[in-house]
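Should a chain be cited, it is by its letter among A, B, C and D, assigned in written order, with residues numbered from 1 in that chain.
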């Protein structure tokens, strides 16, 4: 049983989807519990795999699908390989998906009451796709899983409003371009190496002369492909509308995970397929890419400043954050890479938390604009606690995880001497500070005089303390966000702080993956 | 001789692709795309990829064309470009 | 130097943080709530005091939580300077608590529980800064202080508070994230994974003068709480806060955290020895000197008493920065001494401003003519405190200023020496008329002070005490003096 | 000339890809974009299939009975089970890999075709929904409607 954990991570959502397809249409009430159960099992399996990874002496767990045996230590069949990086991603994806399912209950029933089974089937398939991407060690399998997650993603977005459908179509076009480029790149790799197993590609590539054009083209195509899919500026056009107009639960799942998984692919390709020596030294693109990411960060921050729609604002922040991670990964030192991976985790949680908060706020106030935040500290104190923590993390204040990811990224930037990147990071932190304090301020002030009520000390205290208790506050319907929404949000908010406080443990795990980078530095 | 045949199909493919994109009638465009797919099958079969050719004939040329035509009937036939 | 591992620094820091729990629990019964504040204050002070004898005998208390980033533990380390600052902050907190009770009740302020809670949190952050063993720990508590004081600054929740709070946060957060953070990471990278105040000294050969200058400027301007122009304007804007906040936070805790951090940078991070070899600190000296003069001039034009005090504070803070940037031993010691001396003087002045407001509702100096006769205690204390801030004899302010001037003379910086002298005159020019008019001036037309009485006792007693302490410090500066000497001697 | 003719497949795949890419980005009509997408994807499949080709003489990857078992092993062929394949592997000196096109890219492309059609299906469904909401499939018209506040 234990050794089957890696495959269970994927099988649980898959079987869940099948089960819903069979039962869900006749009994829509079953969809939610089945999905929760499937995600909980998947999450447990992911944590189990993580433990296995920690326990294994080599730091990797290998699982051969269908067990056809191995030739020269390479699996004939598709191989699942879990190292520290993918294990962290698996835990992240499955837990975010699990919490989001719980969160989605109310919103799905509100937003798409007629499509509940459709939603959950697609949801489970999407999660299965994302988990597959992180766990597989086969380049073509990776492509297929990218497409599975994309296809379900398109559909999930299109379930939403009128605008969502249009943005979903744009996403289809851009997503297909990106995935096809990736596929092409894998083709070039295959021409050169004759294998699709990523570790095998790596070992064969080491024997190939460095200046092979096919590999260079392949690498370029793969990078362009993932950059399109992760919305790396200026290839970001599809993202803001797609995530902003998607149904709440979709946005909260896709915004934190999909771009991050694409960044995971980029890092995986850089570290495990092409190898840092090739990427950083033979190619010599680091300066260019870091400059691009600087532009991405600055541009994303600027766009975010000018948005009045909450979710639009967040999506442009995502564009900037993608720049953080691409830049960090390309700084060509272990600090930058550690920062990129750590930021991968922390940014996913921050974005998740913020999207959940925005979902709650929009669902309660019905207002997607920034003004929806007016006076919310009094009306929805618990939601705002979560929001404040996530906002502080976005700005990068200790002890939240956002601070530490910035710490590693900045340190990497300084070590690499890429001061423009350092400047862009700081600029974006300040922009985030402006953006979020604008909201915090709105939430803090308008409460006192919002509806012309006089301020009384006792009232004030009561709202503060019992704001979320539905019984004591019959008038304050705004406060009655159900616990199925508040609970996951609070868990993530606590997670933001926990991830920050225990950052040295997390970076130690990450260190296992970026260890080969240190070798590179030592050689210089 | 087979090489010449090959080259003819390839050039033909490009021509058909351009035509499929330039006709204003979407139904015609879908049909021409079907022809494009069948030519592709021919090419692949000739290149030794029989299984791919079969699949493309059934799925690419068959199913795609059908769903595309169905969509065109559901929506509108005219295209502005 | 004997290092003692002890949990007391942590407890002292936590004392006020834990006080938040009873404060919130007893929100319905104000007496218990405020008693909790006072008890926490006493507990905090006594915890700090228990460490005092040890510190004076040359011990250093240390406490480590966890290693948060490779090579950087979250660590407390109590040395002379930290002790000095902690002593000032925690003793003044008790007095301020009493004062706050009188002030807040006197004005029937709203949201008092929030007020006391965040007040307590701010004090924890302040002590955290005082006890920090490395730059990282200092930074964490520095940010915590910025955030914890935001609700206090914007307490009134009206338009003015809103803009004041916005300025407050944008200046403090903007500079700390934009300047201090990169400078800190730069130090970390260049020093080879350490930020500890005791380990970072040996920069010669690592930093060239231009890098050192850049780093120094990033730090000095980044710690905007020290109020060097042009990053000073958050302080006058923060005066929208209730007076106890202005008094403790913007005369003692927040601003002193700023200069404390600057002193740490000079003595602990870059090191005075290294700085004197690269000769870059004069840039800071001139910036601070300019701030001293300009802020004094601005203060002279102010009619709002609290704004005047704020600009006066800006000037006095730059005294400290100026002193430490002179790098001469006496000047550095004078700067350290100026922390308590100025704190007791300035808090008295703020207490007086608040007491006047509680008793009469007046904020402007022009309305205060003749008030001195109606409120003799308040204005008496005001006069003494003003003397201390100016640096006149028989008050503590004289001692610290003397040391700084001595240091300036030793450093052969005659222009900067003149800055000290000129600004003292300017201080006199803006303080003296207030006192003069209050006692001897006639009320403006139609204003009668007949019915004016002293503010509640809870307001008056603290300000009398602090004024008395200002005087006593002239005669018995012993403890503070020893603590600063400890710092100076441990360096050399 | 020699270079172009030898790699003609690859040149055409690049051209087709560009045509598809151009249509996906520049065409106004949504269905036309999808036509472009199909062309784009088949171009990539063409590329993969071309990888497997091994020049003159290589044939499809289907082996005859004799090729697998050899003429002298015919009598053993009745033995069923796994060891049969072991024998076959051991006794196959006469199969020359150069005479057979590489089947692995083909197998991959089976999946890619299905993925492509699935994408097309989803995209067509979405465009039907778009038509349902906006009454048009032309991007200009839709964007104009969105800007008018109809979105």
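To be clear about the criterion, a contact is a pair of C-beta atoms (placed from the backbone, for glycine too) under 8 Å apart; a residue touches a chain by one contact, two chains touch by 3 or more.
Every value quoted in this text rests on a predicted model; they were computed, and no experiment measured them.
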Given the contact rule stated at the top, which pair of chains has the most C-beta pairs in contact? B-D
Taking each chain's centre as the mean position of its Cα atoms, how many Å separate subunit A from subunit B? 38
Please report how many Å separate the Cα centroid of subunit A from that of subunit C, as a whole number. 43
Go ahead and note the Å separation of the Cα centroids belonging to subunit B and subunit D. 13
Between subunit A and subunit D, what is the gap in Å from one C-alpha centre to the other? 31
Residue numbers of subunit D (touch at least two other chains): 105, 127
Name the shape of the chain contact graph, picking from line, ring, star, complete and other. line
Complete list of chain pairs which touch one another: A-C, A-D, B-D
Note which residues of subunit A are touching subunit D in the complex, please. 140, 143-144, 147, 150-151, 154-155, 158, 162-163, 165-166, 168-169, 172-173, 176-177, 180, 183-184, 187, 190-191, 196
Which positions of subunit D touch subunit B when the two form their complex? 5, 8-9, 12, 15-16, 19-20, 23, 27-29, 31-32, 34-36, 38-39, 42, 45-46, 49-50, 52-53, 58-62, 101, 103, 105-107, 109-110, 113-114, 116-117, 120-121, 124, 127-128, 131, 136-138, 140
Seen from subunit C, its contact residues with subunit A in the complex are 24, 27-28, 66-70, 109-114, 139-140, 143-144, 147, 151, 154, 157, 162, 165-166, 169-170, 173-174, 177-178, 181-182, 185-186, 188-189
Which bits of subunit A are touching subunit C when the two form their complex? 392, 395-399, 404, 406-407, 410-411, 414-415, 422, 426, 429-430, 433-434, 437, 441, 444-445, 448-449, 455-457, 460-461, 464-465, 501, 503-504, 507
Quick check on the complex: what are the subunit B residues that touch subunit D? 3, 6-7, 10-11, 13-14, 17-18, 20-21, 26, 29-30, 33, 36-37, 40, 43-44, 47-52, 55-56, 59-60, 63-64, 67-68, 70-72, 74-76, 79-81
